[in-house]
Amino acid sequence: MIGEFFKGLFLMIWKVVTDQPDPKVEFVSVFPATIQPIISVLLSIVPIIMVFASLFALTTLLERKGLGRIQNRLGPNRVGPFGLFQPVADGLKMLTKEDIVPHSADKLIHFLAPIVLLVPTLLAYAVLPFGQNMVPIDMDAGILFFFAVGASTELSIFMAGWSSRNKYSLLGAMRAIAQMISYEIPLIISSVTVIMIAGSLSLVEIVDKQSGYHFGFLPHWNVFTPWGLAGFIIFLIASLAESNRSPFDIPEAESEIIAGHLTEYSGFKYALFFLAEYLGMFAVSGLAVTLFLGGWRAPLPFLEIVPSYIWFLLKLMGLVCLFIWIRGTLPRLRVDQLLNFAWKFMLPMSLINLFVAAIWHFTSVWNFRGAGLGRWLLCAAMIAVPYVWLGRTLIGNKKITHRTYRFAN
Amino acid sequence: MISDAPGQMGMTSESASQVPLPEGAGQSNYTVIPKTSAEGTSEGELLEVAMGPQHPSTHGVFRMDVVLDGEHVVKLKPVFGYLHRNHEQIAESTTYLGSMPYTDRLDYLCSMTNNWAYALSVEKLAGLQPPERAEYIRIITAELTRLVNHTCLVGFLLQDMGALGTPLMYAFRERELILDLFEALSGSRMMYNYMRFGGCRVDLSADWIEQAKQVVDGYSRFLDEFEKLLTENEILVSRTQGVGVLTVKLAINASITGPMLRASGVNYDIRKVDKYGIYDRFDFRIPLGDHGDVYDRYMIRVLEMRESVKILNQALRDIPAGPIMDPKAKIRGFRPKAGEAYGRIEGPKGELGFYLISDGSPNPYRYRVRPPSLINLTVLEDMCLGETVADVVIILGSVDIVLGEVDR
Amino acid sequence: METLDQIKDRIEAAVPGARLEIIPNDSPANQPSLLIDHEHAVAVAKFLRDDSQLQFDYASNVTGVDWLDAVLKEKVKVKQVVEGVEKEVEEVIEKKRAGYLEAVYHLYSMELKHGPFILRLRTENRTDKVHLPSLTPIWRGAEFQEREIYDLYGIIFDGHPDLRRLLMWEGFVDHPMRKDYVEPDDFEYEPTPHDEVLERAKEHYPAEAKP
Amino acid sequence: MGITFAIIAALTLVSAIAAMSLRNLVHCALSLAVTFAGIAAMYLQLDAQFVGFAQILVYIGAVAILIVFAILLTRSSETPQPVISRSWIMGIVIALAVFGVLTKVILSSSIAQRELPAKPAPTVRQIGDQLMTRYVLPLEAIGLLLTAATIGAVIIAMHDKKGRGDGGQNVNSTPSRAEAHQHADETHNLIT
Amino acid sequence: MVPLYYYLIFSALLFSVGLAGALTRRNAILVLIGIELMLNAANLNFIAFWRYSPDPEALTGMMFVIFSIAVAAAEAAVGLALIIAIYRHYRTVDLTKVDSLKG
Amino acid sequence: MLGEGIIKGMVETAKNFVGSYHDPKRLTTVEYPENKIPAKENARNFPFLVFDGVDADKGLRCVACQICEKECPPKCIYIIKDTVKKPDYMGKMQIQPKIFDIDISVCMSCQICVEVCPFEAIKMDTQFELSTTDRFENLLLNKRELAKPNEYYHKIHPTEATEVDERLAAEKAKAEAKAKADAEAKAKATVAAAAAKAAPTPVPAPAK
């Protein structure tokens, strides 16, 4: 029995490491049939929680270090070698901190809000393919599921803001909801392009559609097409807004409304919010990787020997680093500008992109000489022209000009 | 409603009417005029928010009672005094020299110019004339202070705008270099207590001048870097242009001074108008804005820094040798003749003036600071009306206040 | 800029009935000032702001001064017959001066770039007749400074749009910049152990003075 | 399966009753969100994945949020009314009557006893195909309706910007402040 | 296996709750919530009938629900916009007080 | 408005990110307890009392003239004069302070006491790590804690200390010369008187 257990465990690990199909089967079969489904589910859930929770810890450290370096500081370097245990220290601090609930707060909702935020965020991971043969549920309507659970996080932010009975919290919650609703639309429309081209809502299938290489080295990722690139950028901007990251960190704008809906949270509840926010960011970047960057696929043919999930994580961390870089550079937008940007720029651009993707789809039947290049240039132009036009008129009636200054002697 | 007693001293507001007056205090039968009630709070959609005194971007303990319609400001009342320590009363009960270190603490980012303004006023009162080398030293330190203040201000402004401290850290990186210079000169990094009536406390060495030249050279490179990071940034431009506009008429009528006034397009710089010190010997220009919005205030400061670098280059090149104290000046037993004087300089934040009345004793009879930070806040409400909460924060940032000076 | 005398004459011509007095200044700064009366203060200020040759559009500094009741010693030369010879003898005359509060305005012109022109307003006494006309309607820049004077000196400016305490909290009773202001005894055990306030407080509240 | 159904049904019903009876409107809206989630779970029970997710996306992600927004914007709280009033009793009675009639009909109907057929496998592709072929006209109509509704909602809810701006201006400027402004305006030409 | 009438009775209950709420509460938003509940009960019926129909592959019930959800979203948007407009006008959303026709 | 400014800014931060690894000049911070920035020669923090020789009580330059107490703006100095005169470092009979307290929780490091002291007795220290658990007792420094030898002064402010020593030496020399001259004059007078009396007495040695 024990021997079988270890054999099954070993086989599973071996299969995971070498990217083989159905790694769980041998291990699960060790157990009695009645508890096999539970074991199988646990085997899917536990690694997700472990991997992404440790990724969260790593990211907080990476973020502080990276921001430190951007700002010519050293960043945390006291706890452990190179400050590696800083997240542990932070976590301990959070756990041992007093949990303060405002006297007039709505206690129940104040308590529920972080949980209601965390659960859907974790649920979103159910449909992400982390590697070859590594998807918890290959759902037919995978993306729809992802967006459905993503949409329900808004309510929890409202709960947090409203239940705190703090004007700043309420302002923050209102801002958060306005922002998330506005950016959900470009987010969904830009992923619709991919769905359209792939012809499926299943994320596994979308990754499959991006297999193979042009000319033997350029992978068939969506990001290497004009609509894909534009869609990727729109998706990235919208996901920055969805995960409340700078320059869209308006709901938590420290300099304006203290910490928005987080103002009255402390201790473990605050840590839960923090965790959920980062997990949300990972999930949405994971979706971006899946939709546009070829999911777990290797960038070059000869790199395919590296396990697929490594590629997924690398791409994910790449996006996270980009987010950190942006955070270290840009100031924050204002609420009305943010909404203007969403409705007057992101939405038209994503609709145009949808149209261009359709054209891309229909021109795939072109087979004259230079058709590929022609198609590429046509689509690129169809995106670039509206981009420049929209960009120039974005400000509308407000006169934003390049100014020159007078000097008096 | 928002609670109002800052309660930083003994008496609390609720018991104030019962508290007997201290002996000999003025027999006050004046009525305390009640605070104008915020009209419209009862209206359903208005939200009254107290921004401060523990708000991250009020630059200290400062409060604004803001009435919001959604995110738009319909009323804004600044509330001062949380840091009030009755600086003027302290100064009136100590010697002329004893107030010098207190002036450091007014606007703790620009102690050198505070020192200078006070020294200048006392020199006017007592008829002292600092020697030429001292004037040069004063101009060098004042312009370095202007660099420090303006860089930090831009950093704080961007911090208020949510740039997560990156510009602020760059500003502080350069500020460190100048603070090193000041420390080598005066012994302290912030509270210099450097100027004396009729000169300066210690002389600067040749090494110091070399070091200062290097710092000044590096500064224009840093300004290029800073501008690349910020000036064309679309977010910054769209956040600041057209926000917090201050009209020329209002700016003059409300006694606004400093970069804020010049951003509105008024050519008034006391360095040029009064030609105090030896500013008339230097070749520099006054940048002027046309719109009077936050962007102009930001740009005026950047351009002023470039002009300051120009002045510094000239001053460091031309500084003569010689004594640094007026031989008539005394450290101990300094008693100016009875009379009064008002002296002012162009501080980095605006006109910093000191009004002194002497009655012939070692302590000033009346000592008054004209704080640019406080008076520039007169128009805060006018600039903020109709703007959003986020704009209020950056408008306040662009006014450039230091609470040590506002509340004194 | 014209001299103070010239300006005074022109004001008297422009604002009939204005009672003006030039207050000399003995210090090397040589900044004499003009004392104006309450009734015509606003008119005089408006004239100073709007006159094309003066254009004092900028009220730089507004401040209060507290003058206590004082005994002024004045040396007067008196002809006296001393030992049968008439001689000029200096005699010290003691004059009692009732205390008053004063508001001082330092005016400059941004347009013409001259100044300062110093304006003074005096209250009748320090206790009950402490009203002065507010010049905030003329120079908005005086708004906070007049509020500060009201707060710290207790001068009531009639016509000020929003006369509230500025630095002290509402409900605070005294005016702490007055010369006869006595610090309250309340203390924390904060200051230096040799602090006089601490000593005084220990005397007044022996029960609480246990560290 | 029966237990799952019972749990979901109980949860949904309790939250529905809460949504209709709680005093605090925000609590009502949040209970409503729970009800919606319960109904979505019911759809999943009935193997209608697509509709279940659409239910969450639309009802929790949009309708519940809209309701919450409306509550906050109107700052409405119900004025207390006697628990047993005439209209209250009437409402309950009518609802109970409707429930009685429905139950009677359902229990007497033969369809209600129908057996569960084999699990269908409606893929999203199938739904899409159907929408684009058989139901294309309703789809277009719905699209039109949604657009019209959006525009209509925006127009109805839009503030009268101008009027409000003036009102705001009046609120904040005390007469004396206005006067000061006027004086500022009177100041003559300026050097620039 | 859960028989069909469980679902039907459950949906009837839900409908009645919504109806009771819509009839008794005076706040316009709560009335709207009641209407939403009734709509959802109806939708549930459609799905249940579709699932238990002899030919579930036909997708008719499901289609109906999809359209119904879309209509409900539109209805909620317009309804809430109306409520906000009413609130602006009357400063209340109490339906018993909103009784004058003249603007 | 096409994002060029944002790209420019991001390039700038990337440069700083990379630069922070190979350009140590960019990193202005030091890791404090291990590394310390060497104090500048002019640096000042809190005052201390200078004494000559080895005995703090005897060598204290302070003569309790109380000028610094009067001039101190925050009034953090507290002096009580001793009633008896003791010989100072020069051997002259001087009054020394019986109590000399400085409350450094009040002191604002303005250096005015140093400037007004006519006896070069009080100087500024550079020591800044003074945190204690008791902010009242432990931050009230008494005479013993304040007294530091002249060598320490030389260590922290070498240039200034040398100048001071030279000045003191010059003063001393002057004083000695004067004393000598006085003594000689006196001696002469005595001699003259003695000569007149024709009974010379030994000349009293000048102090030290």
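Just so it is clear, A, B, C, D, E and F label the chains in written order, and each chain counts residues from 1 on its own.
To be clear about the criterion, a residue touches a chain if its C-beta (ideal position, glycine included) is under 8 Å from a C-beta of that chain, and two chains touch if they have at least 3 such contacts.
The shown structure was predicted, so the numbers you read here are calculated from the model rather than taken from an experiment.
Peer 1: For chain D and chain E, which third chains touch each of them?
Peer 2: none
Peer 1: Hop distance check: chain A to chain C, minimum number of steps through touching chains?
Peer 2: 2
Peer 1: If you tally the C-beta contacts for A-F and for B-F, which one comes out higher?
Peer 2: B-F
Peer 1: Taking CA centroids for every chain, report which one is farthest away from chain B.
Peer 2: Ranked by distance of C-alpha centres from chain B, the top chain is E.
Peer 1: Name the chain whose C-alpha centroid is farthest from the C-alpha centroid of chain D.
Peer 2: So the farthest one, by centre of C-alpha atoms, is F.
Peer 1: How many angstrom lie between the CA centroids of chain B and chain D, rounded to a whole number?
Peer 2: So the centroids are 53 Å from each other.
Peer 1: For chain D and chain F, what's the span in angstrom between their mean Cα positions?
Peer 2: The separation of the two C-alpha centroids amounts to 77 Å.
Peer 1: Which whole number of Å gives the spacing of the CA centres of chain C and chain F?
Peer 2: Here chain C and chain F have centroids separated by 42 Å.
Peer 1: Centre to centre, by mean C-alpha position, how many angstrom separate chain E and chain F?
Peer 2: Roughly 86 Å separates the two chain centres.
Peer 1: Where does chain D touch two or more other chains at once, residue-wise?
Peer 2: Within chain D, residues 50, 54, 62, 69, 73, 174, 180, 183-184, 187, 190-191 contact more than one other chain.
Peer 1: Which residue numbers or ranges of chain F touch two or more of the other chains?
Peer 2: Chain F, residues with two or more chain partners: 1, 3, 6, 9, 12-13, 16, 26, 28.
Peer 1: Multi-chain contacts only, two chains or more: what residues does chain A have there?
Peer 2: In chain A, residues 70-73, 328-330, 395, 400 touch at least two other chains, as defined above.
Peer 1: Show which residues of chain B lie in contact with chain A when the two form their complex.
Peer 2: 47, 49, 55-57, 71, 158-166, 169-170, 173, 229, 233, 235-239, 241-242, 265, 267, 269, 272, 285-291, 295-296, 299-300, 303, 388-391, 393
Peer 1: Please output the residues of chain A touching chain D within their complex, sorted ascending.
Peer 2: Listed in rising order, the residues are 109, 139-141, 144-145, 147-152, 154-155, 158-159, 162, 170, 174, 177, 181, 184, 199-201.
Peer 1: Which residues of chain A touch chain B in their complex?
Peer 2: Within the complex, chain A touches chain B at residues 67, 70-73, 167-168, 171, 246-247, 249-250, 253-258, 327-337, 395, 398-401, 403, 405-409.
Peer 1: Contact residues on chain E for chain D in the complex?
Peer 2: These residues of chain E touch chain D: 1-10, 12-30, 32-34, 36-37, 40, 43-44, 47-54, 56-57, 59, 62-63, 65-67, 69-78, 80-85, 87, 92-94.
Peer 1: Considering the complex alone, what residue numbers of chain F touch chain B?
Peer 2: 1, 3-6, 8-9, 11-13, 16, 26, 28, 40-44, 67, 71-73, 108-112, 115-116, 124
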